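First the structure, then my questions, so here it is.
Residue numbering begins at 1 within each chain, and the chains themselves are lettered A, B, C, D and E in the order written.
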Amino acid sequence: MLGAEEMTAIWLSLRVALVATLVALPLAIWIAYLLARKTFPGKQLLNGVVHLPLVLPPVVTGYLLLVVFGTQAPVGRFLSETMGVTFAFRWTGAALAAGIMAFPLMVRAIRLGIEAVDPGLEEAAETLGSTRTRVFRTITLPLVLPGVFAGAVLGFAKALGEFGATITFVAAIPGETQTIPTAIYGLLQVPGSEPAVVGLVSVSIALAMGALLVSEWLARRMAKKLGRA
Amino acid sequence: MLGAEEMTAIWLSLRVALVATLVALPLAIWIAYLLARKTFPGKQLLNGVVHLPLVLPPVVTGYLLLVVFGTQAPVGRFLSETMGVTFAFRWTGAALAAGIMAFPLMVRAIRLGIEAVDPGLEEAAETLGSTRTRVFRTITLPLVLPGVFAGAVLGFAKALGEFGATITFVAAIPGETQTIPTAIYGLLQVPGSEPAVVGLVSVSIALAMGALLVSEWLARRMAKKLGRA
Amino acid sequence: DVLVFAAASLKGPLDEIAAQFDDVTVSYAGSGTIARQVSLGAPADVVILANAVWMEVLIEGRHVIPESVKDVASNRLIVIGAAGSGELALTEKAFVERLGDGRLAVGLTDAVPAGIYARASLEALGLWGAVSDRLAEVDNVRAVVALVARGQAPLGITYRTDADVSDAVEEVAAFPAESHSPIRYTAAITPSDNPDTAAFLQFLSSDEGQAHLTAAGFLPPQPEPID
Amino acid sequence: MIEVTVKKALGQFNLDARFSAPQGVTALFGPSGSGKTSLINMIAGLNVPDSGRIDVDGTCLYDSTTGRSLPVRKRRVGYVFQEARLFPHLTVLRNLRYGGTHDEAQVIKLLGLSDLRDRMPANLSGGERQRVALGRALMCDPQILLMDEPLAALDAPRKAEILPYLARLRDEVSVPIIYVSHDMSEVAQLATTLVVMESGRVVASGPLAQVLSDPAIVPLVGVRSAGAVINATVSGRLLDDGLTEVAFSGGRLLLPGNFGSLGQKMRLRIPAQDVILARSRPEGISALNVLPVVVKAIEQGKGPGVAVRLQAGDDMLLARITKRSAGRMQLARGQQIFAIIKATAVGREDISL
Amino acid sequence: MIEVTVKKALGQFNLDARFSAPQGVTALFGPSGSGKTSLINMIAGLNVPDSGRIDVDGTCLYDSTTGRSLPVRKRRVGYVFQEARLFPHLTVLRNLRYGGTHDEAQVIKLLGLSDLRDRMPANLSGGERQRVALGRALMCDPQILLMDEPLAALDAPRKAEILPYLARLRDEVSVPIIYVSHDMSEVAQLATTLVVMESGRVVASGPLAQVLSDPAIVPLVGVRSAGAVINATVSGRLLDDGLTEVAFSGGRLLLPGNFGSLGQKMRLRIPAQDVILARSRPEGISALNVLPVVVKAIEQGKGPGVAVRLQAGDDMLLARITKRSAGRMQLARGQQIFAIIKATAVGREDISL
């Protein structure tokens, strides 16, 4: 039922979604922390920008990605010249698109987690001589892990399902950028391709469920440790 | 810059996103509560189903909706015959699609909020003779409001931006189902329509930013009341 | 009221045509999407697809009245490049040279009509082998234009009607019409028994209707292919 | 009447407690970590025992043999938690009214809450928070009141203010109270029954006076906590001196302050360490109260102290003196001696009306 | 040396406090809601005053005129919070070590934490939690220790166990301690300086003995809290009787228990209410300590009591007797009388080595 091309798409999707989630996670944590705990000029603007990929039709986001990260675009050229990172028609570009689309979901989940941490504990850690960085690393972050897991699983699921921005930005090159959703889209355009679609959809669901179960398990273990369960 | 058709799309989008968010919210709160506080057989399955719209390419979700809620489909026919509600190719269907796509985001945000509420407070309320329902209504829910606001604003933003499932399920009928994102899709086909696209994108952003600001303001007011700010 | 479900690429001229009537509403989407919607009970009175295969599916499923199916326009498949990049010869050498280490943007070659035509032409011209692993396949012809316009891909294959969408691209070559099966935009009436549909279809085929289409770059319907 | 028999394993810790207590205030006394909170959580229904049975006033709240376990909200417990647990989103007044508005005006007045009514819990000090929690529990008109060190965060004057209200509650409303405390003068003033816990077990329980005058309990409750509790009647008032005279079976005592009304019954704790013994009636001393007593028993403690039970009329007093004094005075059973009780030694906190 | 002058408006509440305290333990005493926690939060840097200045041992922590405000982590305060604030995701041991491992073994031993080492905070009882919080603050080797009712949740034996450690800390490590407490015997044992607060203002402050022997302060701190504090030396041991003899300028006292070593200096609080006065040396009584004293002053209190300052050698004692007794004994300045101090009245909690 699943041909070689589909198998390639599955592996690629998995890699794209994992990389997107893992790379975006630290940044999401940082932004979430800023939004939850700091006040600074332009905070609401940052908040708005983070939410943009959610509001805009994915095609528009894909187009904006082209404008910013395309080979001819300043940022894209700068990155490729200085760091050798190119996004155009590469799986890295697919990961970028997926990461950006997943970003608002991750930030929001983590932010809610941070807001739930008693600032009194951070104060206590500070009185014990900890720098802000250490307080964050040793107190805030561990206590926010449930939120981080939630954010990661939401992000991963979204990254697995992302279609519009990805295909617009990096097209669907088998083995390089053709993920499960683009494969499904292609199949859907052809009459009678339903069985193959069902196969790919099932794989997507299985992957996301797997991630979900792992994150729930981690969160439960965590809660148990904190004596909440 | 924005013609009559675009204005119609804006109003429709607003209505669709609002209705989707408001109707989905109570259900999202209920499901989030189940997932946060209860253990029951099939919990992980429910959790998985809630996340599905995130994982599946929107087009697939759209088709599934068409298959389930279409005029010819059993559920669709049942609903229209018994309750007079038809979804297929109606704005209600656009709201349904938007609501379903936004649902996982809402549930997750609210669930994180619920998990942050000290169960000790609910215990205290119970010892004071409250039923579970009253405890939920008077203690849990108000304390979860920041999470509910977060969920609502995420859901609203997502509902504003939803494209794939909407166009697949209810097409893009001007005045009935053509929302901002589907209008943008149409405009992109026409030479010289960039100003209109930019206009619609700006309106989307403005609407989402408005919702964001309102929710942040509500959350801040709430936090202040709780003495956390 | 007449509700028309039409291929998105027709939006420009079809909006103009619909504006001639008080009661015609057009919903645009991809041909595959429209076909599936109509086969699942969409309330469309008229269907206009850019994809003959999907029209066959609708005919077979009795979702459209077979006798009403009618060609309304045709199109040309062309190669686009960045504005000012100059004529391109339809030879392997020219393609390889122009592409450099870039990619050729096309619609999905086994799913999107424009992509399917592109593959047929490339095969017919013996270019397929040279470019088949250099493709950037996208879901939509507009994305092809965007990729070329943003300089992401040096060349792309689209309909002639799409080249106008962006000033940043220009037509650099046109595929011979016989290098692929005819590009057919076919219209049909659904069994909705709406009496007003006839007038609309008629107008579409009228000189005035056709004028709107040709002004947007579409070609008149091609004669029936000889099987 | 409260009857509790429960077993429960909590991690490493094993709770295996059994006690029964009549009407009134049952004090749960024991070192930190001895299982007091765990035990009252089971009574409240917040924690389910592994096995056992819990009855309050004839109502079975829990019985592992029948599987009965009344839901928390139906147990009608007024629970004052160790950490207040105020609802952070409600004003003080709305917190108070959450479980009911029983006796509202009186509760607010007695707990000094009227100025706090519109405050949010986050802006309250630790002690204010605990007072509100106490008020909230009282206002729900509970059938049993569970208090987990409710006064620990309060200062002495506030404590002294609230305690009489609790005592009145005990006497008038006849709601059974289980009271966890580390402060024996609190306990002595309120409790009818004392349950002493250690490492999850009940090591002593019974009527307060009996448990407290048992020398074996002294190391468990602390030297300062032992002392007899007697019933007396307000019998006179020395307005000029600001003293009140009370009568009990063993004689009359002058106590500092104006309290009670003539003829009013009261309860009085006389801490064992504040009783001095003399072989002959001493003259020219500042202590106002000298009572003739008979030595009934001399019980050797573990440390340098000796507990002397004294009969004064029909009541028993307890004196804690050093072994050395006992030796020097040649104390013996049946001896007729004098007990000197300093008026100021009986603090306001040892008197309950 | 701590010098604090701060003003801050907190909603309706106005804090306007000024005090300075020398080396040692400064007790902050005052009713619930008087601003004690708010004040030490400012010292810790968790709360920024509206204006004022805070100096600790020559280091300026805060000065509104120069805009200086040292960040919290650089203030090196060991803060024991009213609500413990343990890190819920770390074991007890990792909580303890969070700020440092100063004196680890000793701290763990003295606070009885060794069995709790691997527990998670959620599984600790209220008292256990507070002990861990105390240990954590001590182990970060603070330059100033802020304790907000750290012992309120502990039972008497635990308190008695921990207090000497705090006293040693004060004497040996010479880290200034600010200690909020409702328990005067705790305060008296530890404090060198007493700061009494009411409604956000400092209403009395100064050396402990001086403040405590001021009759005007009695209503603020409670009757039981007044009493002299004297310095004495361990001078003998009556092993058979389990008594220890201590000498001070006014004579010798026998106290219950074996404590200290011969020649060791110690501090002793003699609660005013536990001193009985006699015109002639009483015979045949159980109180072991009878000291000749001279009446130096008789100060009339508001209530039924009279505070009598007594000179015993070079030290001052304080007795609190009733007006009536004072009248009957015809007490007068300069009179030579006897003070009777019951050995068991001086509790272990009133002695600090």
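The criterion applied here is as follows: contacts are C-beta pairs under 8 Å (C-beta built on N, C-alpha and C of every residue); 3 or more make two chains touch, one makes a residue touch a chain.
Note that this is a predicted model, so its numbers are computed, not measured.
Considering the contact criterion stated above, the chains in touch with subunit B and with subunit C alike are A. Set against the C-alpha centre of subunit B, every other chain centre is closer than that of E. Pairwise, the chains sharing the most contacting C-beta pairs are D-E.
With each centre defined as the average position of its C-alpha atoms, the distance from subunit C to subunit E rounds to 90 Å.
Between subunit B and subunit E the centroid-to-centroid distance comes to 60 Å (mean Cα coordinates, whole Å). The geometric centre of subunit C is 90 Å away from that of subunit D, both derived from CA atoms. Distance between subunit A and subunit E, defined via averaged C-alpha coordinates, is recorded as 57 Å.
Touching two or more other chains at once are residues 59, 63, 185, 188, 228 of subunit B.
Residue positions of subunit E touching 2 or more other chains, listed in rising order: 83, 123. Within subunit C, contacts with two or more other chains are made by residues 36.
Every pair of chains meeting the touch criterion is listed here: A-B, A-C, A-E, B-C, B-D, D-E. Residues 44, 47-48, 51-52, 54-60, 63, 104-105, 108-109, 111-113, 115-116, 119, 146-147, 150, 153-154, 157-158, 160-161, 163-164, 180-181, 184-185, 188, 197, 201, 204-205, 207-209, 212-213, 216, 228 of subunit B are the ones touching subunit A in the complex.
Contact residues of subunit B toward subunit D in the complex are 118, 120-121, 123-131, 138-139, 142-143, 222, 225-228. Residues of subunit A touching subunit C in their complex: 59, 62-63, 66-67, 70-73, 88-89, 167-168, 170-173, 182, 185-191. Residues of subunit D touching subunit B in their complex: 44-46, 71-79, 81, 83, 85, 87-89, 98-100, 120-123, 136-137, 140.
Residues 3, 5, 8-9, 11-12, 15, 25-29, 33-34, 36-37, 40-43, 142, 164-166 of subunit C touch subunit B in their complex.
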